[in-house]
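There are structures below to look over.
Note that chain A is present in both complexes that follow, paired respectively with chain B and with chain C.
Up next is the complex of A and B:
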């Protein structure tokens, strides 16, 4: 097991580097030049040439990439071309925001999906099942931004400002700026609506998947045997059926991280949250290559690590699975 | 007067006195509180002399101070300079500085600081977009610690306007902090490096998220500022911005999307929506020349294959565009159809709309004269960008208007950076739709319209015409100190630009600020001056 984990951890490095290389090449293939935005109304061709040289943007692509990797190995993520700010510092300020958003939205998704799927599977073809599947269909069909706007209208405007419409206040302990919450609610009130908007779509997907999986499992021989032995319904469902049905769901949850990061871009923009999503999209729009690389590095790393965790979760859910 | 009448009069007087005093009390500024401001765009960086974007400028005006400011009616008012005098020949300006003006770290705002700041702006290494406006400056002399004299090479009628309101106006730099900290420190918003002399000192800037400024207790204006803190947040989505405003989470929107103004009026009837005659031009610019040798920015120029011919420019840009219709559709009538280079809110602007009446028949005839028609249709590319949705609406309306005169406009939608690349770097574009810098005076557009005749010409002269007569007009206009003569030259210049279609304005581009009803003391001055020193919260 340890050897497997070690091998997978070592495998992360070339995977992440490959992803960052692809992003590196793609970004430079897109028309546009960060120097133009940097110089703004003082733009002259001579200054542009000089600034490109300062940032090494006139060097061959492979050399530029090698320089970036070399600096990265020393812990230097580079500085933003446009603001001059260290990329690592900006990323670290924004990481807790997106992390909290993604974790909470996944939590909300599971909170909705697991009971809905169980009810749907156990009461198949009843009103409870139809309700769960219909809600799941609606959840899949409605885009995050639309749910977000509806939540804004209801909770920020309709209910007299029950929840703040936008912005962010850091959790105590993760705060790196002067805007820090005094308590948990101070922070949670800012993340509830975005997490719900992001989580509903994921909940719908997980509900459908888990329901199908549960239907298959509860018809299997060992569940019939358990019932024949006189085991009560609760341990059958939660201990035996659900645990086995979760395997494909966990796989999809791992893959959903990528979608969550994509969805975070939309949701963070809508709720004006200073997270990694808005950081990434701003960097791409401004062609701030250093920031884009930082964003790509972190998201690729998160995606790969998440999938490693998913693989490891299999062994917990199904002890028959062993990694040599 | 009997006793009863006397009592009645006395009661009335007491009531009146109470009313008057309550009004007076309501108008007495209250100290304290946090002003929560929303920006629709992020701040690029905090080196005020070079950073692009209005968002930075509106911070610069509150963290920094200058010599003078300008009021909405064009009057100059003191800032760090308490008085000033222009020499009779217009070749020297002497400024007397306030004795109590200091930077946030305690360094005095003296003549040496003024000299340092202006010389920094004029230094090509600074790469300031304002440098071209300081070209008339010969030298800056320190007469004594409180007196500074700026000597000019030739009279410059807009010197005070430039100091007060072009871009950020002159923002004084703290020589001690500038030398102690690096440019990167300043760009990154390290508070000690961004040591200004304005009413607020920088506390924290988190790029793309928020900026916090606190009251500077030793600000030179006694009692000001009234606010304890100004907290600026970036909210890019106008719907979220509106929701946050309606929920009372923000007090002031620094630039509100024109498309949502009607919704704001309906949703928050008590909101103070501030606007004035437009100062920003909305353009359908046409490229006049292309590099002869194919190398972008080459000084060797050839006529643009389509719009190099002034008759095509006039047929398409002048008679072929229905400005009224564009304003009706794109701005719901909330803008002014305009032909002149200087929008209606610009000082010395002149309405020359009569030069370009919408006349599709005339446009068609002109095109036929050149040889365009059903057998040889005219097709061009209409470049627009994703920054504002109104650009795309205008481009679509123009496309439709072009079909009415037998011309095909193919819309090409790109993002802002790609647009900047194409236009600044002499790329292959035919026409673009975009609004450009807000214009305080006709002169403040100088660097946008400079003829492309040498390597020194402005890259912002996008059409890249080669007509040096425009430069001559500008020089004559800017050096003429007699206002009557200057106005006449200005009118001539605007007519010349329109007649040659070097600059194709469609309309003004409206600008809106929105404030909660409890915001008091704010003086609206378009995009030029956003000052919070006099603002207070009545709640």
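Up next is the complex of A and C:
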């Protein structure tokens, strides 16, 4: 098992390199370059050539990529072309925002989905089941930003500004800039709506999947056996059925990471949060090559690590699954 | 026959794809099933029958049909021009003249939403079809020939799948540089299609791998049937069910992706009406004019819901095991 994890961890490197390389090549095929934006009105051809040489943008593509990887190996993520700030520092300031958003939204998703799916499966074709499946159907059909807008209408405008409509205050203790919350609520009020907007869609997908696999599992022989043994309903549902029904759900959770990253970009844009999502989209649109590389690196890494975690979760859910 | 009655010989009618139990039922006098088609019903016909019984699926079809009609006849249905601004009527509240109000340029929201149907459906349907027409042949070839071809094709597909889909779609849109009008719409279509190609390639490859081992394919080979004929005449029809389901549900996803790209400012550019863009543009005025963001959002929701209900119904009908 330890060997397997080690091998998978080493396997992360080529995948991440491949993704960042493709992003590297793609970004450089975008028409126009950041130098034009950097020089602005003072743009002259000579200046542009000089600045390009300064940032090594005149070198062949492969050489540029090799330089980036070489620096990365020494822990240098490069500096932003437009602002001159070190990419690593910017990314680290923004990471806690997105991390908090994603973790909380996944928590909300599970908190809604697991009970809804259990009720739906155990009371199949009752009003409770119909309610759960109908709400889940609505949930998968609403884009995150529309849920966000509805939340804004209710909690920021409707309820007399109960929750702030935009901005961010860091969690006490994770403070890296001056805007730091005195108490927990100072932070939580900013993250609640975005996390909910991001979580509802995930909750809906999970509910549908988990309900379907629960339905399959509770009809299987071992559940019948457990009932015949006289086991009470609670351990049957939670220990036997749920654990096995979670396997396909976990797979899809892993696949959802790609959507979650997109969702984070959208939700952070809507609520004007200084997270990685807004960082990434701003960098891509401004063609700030170094920042985009940093964003791609982190995204690719998160994506690959999540997939590894999914595979490892299987061994916990079903001990018969073993990796050698 | 415990009560000693003599079994009455009944000619067992061929019953469509039913189980042997169903056949037994038909053989018992008095419990005869209603006579159905004389010949065995095809799986597709059975699926359609199951589909027609599902209310939610029919609601989905109704929504999709209405939206298609709206998109087709947008010019007739829209009371005003979706792009002409009218400085004397900015931020009108919903009224008889402007059923859904007007935006900050005085453009009629109802007309914008009606015309937005075109972009949404066009991108949703055509991106999925494009991905289908590229992905399915690749998947078929990879699965059928295996070996090096398979390795090469699937390596490329895995490369695309290794990307978080929004990262790829966003960068593709930046490369294509978003523009207005039909060209702009085609760019969005292309970006979404590229992201979705591997889904079809993988799906079809999996089906082909199992189907090509079937006896009837072997029989074809023994008869000297050429590969393309086997692939298109014998293998493809047998992996259609999952393709159809994935396509319908895929349209729903594509519409959300389009709306999201548009929300981020990377979809079809204004003045072409696009729901995602309209929602984003009007969020700044949400305090005083909430309806301006509400209506485009509702339009996206209803459209996606329609395709999701339709797709769910199809899945239940075509592949009952998946229910």
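The working rule: the second predicted complex is superposed on the first by the 324 of 324 C-alpha atoms of A that agree within 3 Å, B and C clash if a C-alpha of one lies under 4 Å from a C-alpha of the other, contacts with A are read in each partner's own complex, and residues count from 1 in each chain.
Everything that follows uses one rule, which is that a contact is a pair of C-beta atoms (placed from the backbone, for glycine too) under 8 Å apart; a residue touches a chain by one contact, two chains touch by 3 or more.
Just so it is clear, the structure is predicted and the values come from calculations on it, not from any experiment.
Looking at the shared chain after the overlay, A:93 reaches chain B, while chain C stays out of its contact range.
With both structures placed on the common chain, the touch criterion links A:26 to chain C but leaves chain B unconnected. In the superposition on chain A, contact of A:221 is made with neither chain B nor chain C.
Judged by the touch definition given at the top, the superposed model places A:143 against chain C, while chain B stays out of reach. When the two complexes are overlaid on their common chain A, residue A:167 makes contact with chain B while staying clear of chain C. In the superposed model, A:285 makes contact with both chain B and chain C. Look at A:85: by the touch rule set out above, it reaches chain B but stays clear of chain C. Shared-chain residue A:152: touches chain B and chain C both. When the two structures are aligned on the shared chain, A:269 is found in touch with chain B and with chain C. Comparing the two complexes, residues 31, 149, 152-153, 157, 269-270, 285, 287 of chain A contact chain B in one case and chain C in the other. Those residues of chain C lying in contact with chain A across their complex are 56, 159, 162-167, 169-172, 174-175, 177, 252, 256, 259-260, 263-265, 276, 279-280, 283, 286-287, 290, 293-294, 297-298, 300-301, 304-305, 308-309, 312, 323. Every residue of chain A that touches chain B in the complex is listed here, in rising order: 31-34, 36-37, 39-45, 47, 79-80, 82-86, 90, 93-94, 149, 152-153, 156-157, 161, 164-168, 177-179, 269-272, 274, 278-279, 282, 285-287. On chain B, the positions that touch chain A within their shared complex are 42, 44-45, 50-53, 127-129, 131, 167, 183-184, 187-189, 203-204, 206-210, 212, 233-237, 239-241, 243-244, 246-249, 296-297, 414-418, 420-421, 424-425, 437, 447, 459-460.
By the touch criterion stated above, chain A contacts chain C in their complex at residues 15, 18-19, 22-23, 26-27, 29-31, 137-138, 140-146, 149-150, 152-153, 157, 212, 257-259, 261-263, 265-266, 269-270, 280-281, 284-285, 287, 296, 299-300, 303.
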